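Below you will find the structure I want to go over with you.
As written, the chains take the letters A, B and C, and residue 1 is the first residue of each chain.
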Amino acid sequence: MSWHRKHLLDIESLSAGEIVTVLDTARAFKAVGERAIKKVPALRGKTVVNLFIEPSTRTRISFELAAQRLTADIVNFSADASSFKKGETLKDTARNLEALNADFIIIRHSASGAPHFLSRVVNAHIINAGDGAHEHPTQALLDTFTIREKKGRIEGLNVTILGDILYSRVARSNIWALTKLGANVTLCGPSTLVPKTFEQMGCRVTHNMEEAIEHADIINLLRIQHERQRQTMFPSIGEYTTLFGLTKARLARTKPDALIMHPGPINRGVEIDSDIADSGRSLILEQVTNGLAVRMAVLFLVNGGPGPQGVAVG
Amino acid sequence: MSWHRKHLLDIESLSAGEIVTVLDTARAFKAVGERAIKKVPALRGKTVVNLFIEPSTRTRISFELAAQRLTADIVNFSADASSFKKGETLKDTARNLEALNADFIIIRHSASGAPHFLSRVVNAHIINAGDGAHEHPTQALLDTFTIREKKGRIEGLNVTILGDILYSRVARSNIWALTKLGANVTLCGPSTLVPKTFEQMGCRVTHNMEEAIEHADIINLLRIQHERQRQTMFPSIGEYTTLFGLTKARLARTKPDALIMHPGPINRGVEIDSDIADSGRSLILEQVTNGLAVRMAVLFLVNGGPGPQGVAVG
Amino acid sequence: MSWHRKHLLDIESLSAGEIVTVLDTARAFKAVGERAIKKVPALRGKTVVNLFIEPSTRTRISFELAAQRLTADIVNFSADASSFKKGETLKDTARNLEALNADFIIIRHSASGAPHFLSRVVNAHIINAGDGAHEHPTQALLDTFTIREKKGRIEGLNVTILGDILYSRVARSNIWALTKLGANVTLCGPSTLVPKTFEQMGCRVTHNMEEAIEHADIINLLRIQHERQRQTMFPSIGEYTTLFGLTKARLARTKPDALIMHPGPINRGVEIDSDIADSGRSLILEQVTNGLAVRMAVLFLVNGGPGPQGVAVG
């Protein structure tokens, strides 16, 4: 096992060995979720704070359940909380949480770098649950876990990420994780959302959907944030679907064992055909299940793993 | 004990024997709430999700405490949650919760039939906490429990339900439960809110308050939703109170052992005189206490009861 | 140990001996927060309700963690809850919570006296988490705990409270606690916010900042509620800072061992210079840590202390 980090701030700074350690640990925790009694005492008496300055029910609940299954205590501190209304700074909020003996702060924030900033001003373990357009490391770890579980490996696989790459922390974290583990990553979407500069991250960039998915083993569809970008980055949802939506016709021209992923929540009929989302080719719900296991693994590892008392996972 | 259902979706489909099983089980759980240590380990390591798409603090807290006292883990997912803002469907939300290994989904929703729909698309146990104007089964079970506890039986009792019957899921579920157990049910209120068609459910319908309560053993007053219906269904709150409010003068003409119920929250001075609500004739707070016991019983029974490990209630 | 109260409603009615009992008990609980496993089973199977009718994330989380560390079950009932929207009275809400077998109700309310009112209508233990401009007893207890811990005593110390005294429940509770324990309390701020009538509480009142802090052992800065009072009580934030802000120049003229307190959240650069807030002279974060210990102590004591089973704190 190779893990000596106190925080999980991003994927960029992790080694391939560290990523594999998370995936291996998550495999053990996935089994816990399948038991009748889905709890282990690994974090008993520890305090976890969900500091969500940007709303996210799904990710918040996933972390909340991960903490509960590790027998930690957890409190939620969400965006429209009174302290922020009163103008308190993020630093002051975090130091207050630390003063409450918080052992872990799970932070989602609209500002890139907020988790890194926190890790410098408090002693608690910091876990990045999404910071601006920068990174969403647990999403990339759960995506990588899911691919490895289904395909048996990451190295040499062709993974295509489709959609709004420019503003996507999911894309950035996935690119780091997948390239570190040896996958061939292709990015595709409208040229305004998928600039050629991403080639510097070791990816192939194309604006042609058919070409992007032709040889893919994995097609990871990002959510179109149509409530925000419609006016600015592409002419219409309809045009997006026409050019980049995963339809049955397009799926028919992919490799027969190509699998479909999506970080959710999906826009049925926009970036993905509704039937494909529900088909055996879709890994969307497995990603959710694996997310919980990965988050348990991350909490467990940053806490120091089994520790001197040797609390076993299994 | 006769209970083999995986879900609690409504009262309509339950047999009298199943209803009695819930009431008997709730009696054992009521004793747990009176202990110094109000917990039993029946659902340890199980995950309960409160999926409240329509706000309800009281019912949500009642289910939350019921789950805690059974030692389950519980997370709240409420109405203005981010996923719904982003346009995710109910089906997708529920399947995501299932992918998080949720064992129970307690759903309140403004759409009639939402719990039944969920029971067809996910494997978790579904408990209906109120669906539109359709049913609110745990409310009817706690009302029936309270009547049986006070009167010793249901069969042959005269139960009058007063108020907005047309739009009331509480009324519908109560009518099913009470008639299945042999009570004589009378409905009363303005003719716009208590149409004659309810006679098809086996009830007597009257629009005369005095006649409705004259021979009643139980008078169950529904809440007037005056924030919504004032303009449309009856001329004014004042007129409603004049015609259908339970005043001391009216109470004096009922049977001396007639008891008063209300699902809460009450409008003091509208559907009920404030002193009556606080009197020894009122069962309003006992209903709340019994609601918790009934919800523990429901969670326990849909989970399969004591199960192979034989976790005892007492 | 001298504690026989069922509730904590205010500081005004406590004796010096009772205050000291809370402080001594909190000292034992502070040690719990420093352990690897921060839990004691003192309130296992007890139900705590956070009834926050006025929003406060920080105080709510502090009580939530205090309850969790005592192994109680806790549910949150917050301000924009549906029942209040529907017009239910506070009394009815509290009696409903009691009917759910709530053992403790922690109440924050904009109306002075709300906790006292509750203590007369329900049987649960009531803890005042701030009522209007009246009292905020746990804040005063944590402030007093912090002073005693740092200075070794309260008696004979010069404590200066600065800012909006007139509308501050923190000031009122602190004045009661400090004068009961023998401190010399000085109040300072704009004359509109610090009327001479406070001398009747046994304090010195001055409107001259330099004079107020010159001999102080402790300077407790209250938060300026600039979002509310700007227009009415003083001409501008800038002028407040000029006259009453704690700047480095002013701090240089205080006793070298004078320590700085603030109930938080702070307005950096308004009532306190940012560097001072982060300096070794500031006790702001220690106050937060001590708040949790004090709240554990209060829950423990109103519950009857160690009780017949003799659950040990340590």
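Rule of thumb we're sticking to: a residue touches a chain if its C-beta (ideal position, glycine included) is under 8 Å from a C-beta of that chain, and two chains touch if they have at least 3 such contacts.
Only a predicted model underlies this, so the values are computations on that prediction, with no experimental measurement involved.
Chemist: With chains as vertices and touches as edges, which is it: line, ring, star, complete or other?
Modeler: Per interface graph, the chains form a complete graph.
Chemist: Please state whether the interface between chain A and chain B is built from the same residues or different ones, using more than half shared residue numbers as the mark of same.
Modeler: Different, since under half the interface numbering is common to both chains.
Chemist: Express in whole angstrom the distance between the two chain centres, defined as the mean CA positions of chain A and chain B.
Modeler: That pair's centroid distance is 40 Å.
Chemist: What are the residues of chain C that contact at least two other chains?
Modeler: Answer for chain C, listing residues that touch two or more other chains: there are none.
Chemist: Can you list the chain C residues touching chain B in their complex?
Modeler: 44-47, 49, 73, 75, 77, 81-83, 85-89, 92-93, 95-101
Chemist: Touching chain C in the complex: which residues of chain B?
Modeler: Touching chain C from chain B are residues 33-39, 55-58, 61-62, 64-65, 68-69, 223, 227, 264-268, 285-289, 292.
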